[in-house]
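Same chain, two partners: subunit A is paired with subunit B first, then with subunit C.
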Partner chain A sequence: MRALVWHGKEDIRCDSVTDPEIEADRDLIVKVTSCAICGSDLHLFHNFIPAMLPGDVMGHETMGEVVETGRGLNGKLKKGDRVVVPFTIVCGECDQCKRGYFSVCQKSNRKKHLADKVFGHTTAGLFGYSHLTGGYPGGQAEYLRVPFADTTVQKVPHGIPDEKLLFLSDIFPTGWQAAVQADIQPTDTVAIWGCGPVGQMTIRSAILLGAEQVVAIDRLPERLEMAEAGGAITINFEEEDVVERLNALTGGEGPEKCIDCIGMESHLSPSMPDTVYDRAKQVFMAESDRPHVLREMIYVCRPGGLISIPGVYGGLSDKIPMGAAMNKGLTFRMGQTHVQRWTADLLRRIEEEQIDPSFVITHEVSLDKGPEMYRTFRDKQDSCIKVVLKP
Partner chain B sequence: MKTMTSIARLTNITRSEGDPKVIRSGPSSRGIPDSLAKGLGWFSLGLGLTELLAPQRITRPLGMEGKEALVRAYGVREIGSGILSLSVDKKLGLWSRVAGDGLDIATALTVLRPDNPKRDNVVVALALLLGITAIDLIDAQATTVLHDRRSGRRRSYRDRSGFPRGVAASRGAARDFKTPPDLRHAPPLAAVSPRTSAA
Partner chain C sequence: MTYGQDGFSRRERGERAARTHAAEDPWLGPSRRQRRQDASGGLSTPGLIGLALAAAAGVAAIGVLGAQRSASGGRTGGDPNRGSAAWRKPEIERSITIEDVPADELYRRLREPETLQRIMAPFATVETTGDGQTRWSVGHDLGSWDMRLTDDRPGEALRWEAQGDDALIRDVSVRFRAAGNRGTVVALHVSLDPPGGMLGRIATQMLGDTLPASLASKSLHYFKALVQTGEIPTTERQPAARPDPR
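Showing the complex of A and B:
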C-alpha cells in the first residue's frame, strides 16, 4: 500500500509499504477513505518530538471502512462498518479509561517503558506520533491497523460526507475539550491564541457553549477572517498589542478563560524577544519548547481565571512566570484529548446540524500529494489551513 | 522511485510483525534548495570546526600568520551558520552564510598584497570563495522563494462560519451540555465589572 512515511526532519515521502496485518484479537483493519494533516504533525515534521524513527508512518486523523476484524471483537464491529479512528488508542478497561481519562490509558502504549522513563508514567498509545506513544503506524495511508478497536473507534452512520465526520478523530474533540475544561460561563470572555484548525474548532465550541465574548488571536489574515466568520472578535498580534486589547475588551480585568491553541512552536519574531531567546535555546538543544503564548496568557488572565492548554508541548519550557500564576490563583488544565469521551455527543451535534466541521478544509488532495502539502501547510502558503488527503 | 533507505530498513527491528515496512521510497517533501541547504550546513560545521581548532591550517597557506584569533572567531560564526542552515530556520542560516562570505572575501583581499609570498594561494582562495558565495546566494534565494508564505492564492474565508444555522442562532446552542464534575471551575462570575462593547 501507499503511506506517508517520516524519513527525517522535513522529509516526508509517499512510500510503498507492506500492508498492516491483524496482530491481536481486538485489532481491526480499516481501509482509509479520508485522512488529514494535523498541526501537531508539524512538530514531527520539524523533529521537535523525540523518538521518531525513519520508516514511521504518519497520521492520526483518519476514517474509513472496516475490511478485516480480529476474533475478539465479538461482532461489535464488522466488515463494511464506517468508522472514525480517534488518535488515542484506548483499552477501555484500565482505571484511567474507566474514569474517562482516555488519553492516559495505562495499557495501550506498547512501548510503555520509554514513556515511563520520559514522562514518569506512561500515557496512551497514539497513532503515528513517535515511539514514546507506542510507535503505532499512522493513518496517512491506504490501510490502518487499529488496536483495541472495540473501545477505540467511533462507528458513524453512512450518508454523511467524510468531510463532516473526519475531524471527530482529533481537532473537533480537541477544540471541544479545550472549551469544556475551561467550564465556560455565559458571562465569560474566552481568549483563544492561534486560529489554526484546533483554534477554529475551539472558537466554535466556545460559541456553542455560550461564551459572552470569544476573542481570537493570530497574525494571518485568512485565519482571522475564518475566526471572525465563526463569531470571534479578532486580534492581529502584528498590528495590535494583545494585552492592551484584551484588557480593553474586558473593562481592564482580563479574560476569565485563556486557551492556548499554539503549543510548543510559537511564532518567531524579533518584536517578541522571548521567542528569539527560546529559538536560540532550541537550536542548541537547551530548551525544547517556545512557550510565548503560555507566558502571555499567565500575564493577561484575570486572577482566579483558568488556562486551558490543548496545544502540544514536547518537553522543557523556560521562564514560565509561575510567580504570577501562583499569586493570581490560576487554574491550569491541559492534556492530550480524551477523544472517546466526547465523540458520541459531538457526532449527535453534527447530525443535528449545530455545527459542520468541514468549514475548516481548505485543501483536499490525493495521498501522493501529501509530502508537498506538508510543506504548503507548514509555510502557510496558498491560504492553507487544513489539508484532507484521499488515499 | 528511490530504493528504501538503509536507515529505514534498520528501524524495522523496532516494528512488530504486522506493522507496515517500507518497500520503496517516493519523492521527499524536501525541495532541492532544502537538500542543498543541508549540505551547506554540514560544510559550514566542518569548516567552522577546522577554523576553530586548527586556525594555522588556514593562516599559514594564506600568509596570514598572527591572525589565528580572527580565524577562530570566524570559525564560531561558521558553526553558528551551519547549525542554523541545518535547522528549520535554514533561510536565516543561508543568508548568514552569504554575509559571512562577504566578510571572508574582504579579509582575503587584505592579504592580496604584492609583498605576500603566498599571494597565489590567496588568489585561489578568493576564486573558491566567489564560487561558494555564488552557490550560497543562489540557494538562499531559492529557499526564500520556496518557503515564501505569499506563494499561491490569497483566499477569503469570510463565509466559513461552520454553523449551518448562523452564528447568532448557534451562540449557546449546546446549552444542553452539562460540564462533567471533574471539569468544573469557579462559580459563574455574575457580578463582573462592566465591559466595553464587543464591536
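Showing the complex of A and C:
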C-alpha cells in the first residue's frame, strides 16, 4: 500500500509499504477514506520528538471503512462499518481507562519501557507518533490496523461527509477538552494562544460553552479572520502587545482562563527575545522546548485563574515563572486528549448541527501530495490551515 | 542622529540630564543613595523614572541599538508613526475594574480637585487654578504647565489637555464603562512628551513604556483604593530600621 513515511528531519516521502494484517483478536483493518496532517505532526517533521525511526508511517487523524475484523470483537464492529479512529489507542480495561484517563492507558503502549524511562510512567499508545508511544504505524496510508478496536474507534453513521466527521479523531475533541477542562463560567474571558486547527476548535468550543468573551492570538491574517468568524476578538501579536491588550479587554484584571494551543514550538522572533534564547539552547541540546506562550500566559492570567494546555510539549522547558504561577494561585490542566471521553457527545453535536468542524479545511489533496503538503502547512504558504489527504 | 526635536545639542542634553540626575522630584527621582534604600524598601516609581533618565543621559550607544531594534522588530507593524519607534511619543493606557461603584460616582469623585491631586501624585503635583484649569508641576528643573479640562461628560469621560509647548504630559484622559454586574472599568490614557528630547524618547522606547505604564497603574490603584476605602495605602509612616521607611 501507499503511505507517508518518515525518513528523518524534514524528510517525509510517499512510499510503498507492506499492507497491515490482523495481529490480535480485537484488531480491525480500516480502509482509509480520509486522513489529515496535524500540527503535532510538524513536531515529528522537525524531529523534536525523540524515538522516531526511519521507515515509520505517519498520521493520527484517520477515518474509513472496516474491511477486516479480528475474532474477538464479538460483533461490535463488522465489515462495511464506517469508523473514525481517535489518535489514542485504548484498551478499555486497565485502571486508567476505567477512570476515563484514556490518553494514559496502561496497556496500549507496546514500548512501555521507553515511556517509563522518559516520562516516569507510560502513556497510551498513539498512532504514528514515535516509539515513545508504542511505535504504531499511522493512518496517513491506504490501510490502518487498529488494535483494541472495540474500545478505540468511534462508529459513525453513513450519510454525513467525511469532512464533518474526520476531526473527531483529534483536533475537535482536543479543542473541546481544552475548553472543558478550563471550567468556563459565563463571566469568564478566555484567551487562546494560537489559531491553528486546534486553536480554531478551542475558540468554537469556548463559545459553545458560554464564555463571556473569547480572545484569540496569532499573527497570520487568514487564521485571525477564521477566529473572528468563529466569534473571537483577535490580537495580532506582531502588531500589538498581547499582555497590554488582554489587560485592556478585562478592565486590568487579566483573562480568567488561558489556553495554550501552540506548545513546544513558539514562533521565533527577535521582538520576543526569550524565543531566541530558547532556540539557542535547543541548538546546543540544553532545552527541548520553546515555552514563550507558557511564560506569557502565567504573567497575564488573572490571579486564581486557570491555564489549560492542549499544545504539545516534548521534553524540558526553561525559565518558567513558577514564582508568578504559585503566588497568583494558578491551576494548570494539561494532557493528551482523552478522545474517547468526548467522541460520542461531539458526534451528536455534529449531527445536531451545533457545529460543523469542516470549516477549518483549506486544502484537500491526494495522499501522494502529502510530502509537499507538510511543507506548505509548516510554512503557512497558500493560507494553509488544515490539510485533508485522500488515499 | 544629530539633534533632538527640542533643539538641544548632544552636549547640552548631556548636561541637562546630568543636572536632573541629582535632583529630587516626582519625575527625576531621589538621589542615588535614596534609590538604593528604595530597592529594599519597596518600589519607588520616581526612582524608576530617575533611572530611565540616567539611561537616557549615559548610554546613547545602547539607544542606537534600541532604535535599530524598534525599526527592525516585528511589533512596529504597518503604522507609519510606529515605523521608527524612537520618534513615537509614548502613549500608555491602563485599566482597572472597580467593584460596586457606579460610573457616575467615580466621575463625581474624579471631578473633586483633591481626588485628582492625590491620584495624579505619581505623575505630577496638580493644583487647581479655577475654571477647569489645573497647573501641573514636576519639579523646578522640568517646570510646570497648565492643563485644561477639554472633555467633561458625566459618567463617561474626562480629558485634560496641556496648554503650550513645555508640557511633559500632553494629555490625560479617563473613560468609564460598566463591566457587567461586576462594577466599572476605569481606563486611564496618558500621552507623554518625555524630557531629554530624542534621547529621552529612545530611553522610554527601550524600556517599552514600562515606567510610565507603572505610573498609570499606580494612579489607578490609588483611585480605586480612595473611592473604596477612603484612603490610599502607604508604608510611609511604619517603623523600619532604615532612615526612610518606605
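Convention: the second predicted complex is superposed on the first by the 391 of 391 C-alpha atoms of A that agree within 3 Å, B and C clash if a C-alpha of one lies under 4 Å from a C-alpha of the other, contacts with A are read in each partner's own complex, and residues count from 1 in each chain.
What we mean here is this: a contact is a pair of C-beta atoms (placed from the backbone, for glycine too) under 8 Å apart; a residue touches a chain by one contact, two chains touch by 3 or more.
Bear in mind the structure is a predicted one, so any value in this text is a computation, not a measurement.
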Contacts of A:239 with subunit B and subunit C, given as first, second, both or neither: second
Which superposed partner A:226 touches (first subunit B, second subunit C, both, neither): first
Dominant contact partner of subunit A by residue count, subunit C or subunit B: B
Partner chain in contact with A:355 - subunit B first, subunit C second, else both or neither: first
Partner chain in contact with A:187 - subunit B first, subunit C second, else both or neither: both
Partner chain in contact with A:251 - subunit B first, subunit C second, else both or neither: both
Which superposed partner A:382 touches (first subunit B, second subunit C, both, neither): first
Overlap of subunit C and subunit B interfaces on subunit A (superposed complexes): 187, 212, 248, 250-253
Contact set on subunit A toward subunit C in their complex: 187, 212, 219, 238-241, 244, 247-248, 250-253, 269-271
Subunit B to subunit A touching residues, read off their complex: 1, 4-5, 7-9, 11-12, 14-31, 34, 83-84, 87-89, 147-165, 167, 170-175, 177, 179-180, 182-186, 188-190, 192-196, 198
List of subunit C residues in touch with subunit A within their complex: 69, 72-75, 77-78, 93-97, 179-180, 182, 185-187, 213, 217, 220
Touching residues (chain side subunit A, partner subunit B) in the complex: 1-3, 5, 7, 9-23, 27, 45-46, 53-57, 99-100, 110, 131, 135, 137, 141, 145, 180-183, 185-189, 200, 204-205, 207-210, 212-213, 221-223, 225-226, 228-231, 233, 248-253, 256, 268, 279, 283-284, 304, 306, 331, 333, 345, 349, 353-357, 359-360, 362, 368, 371-372, 374-376, 379-385
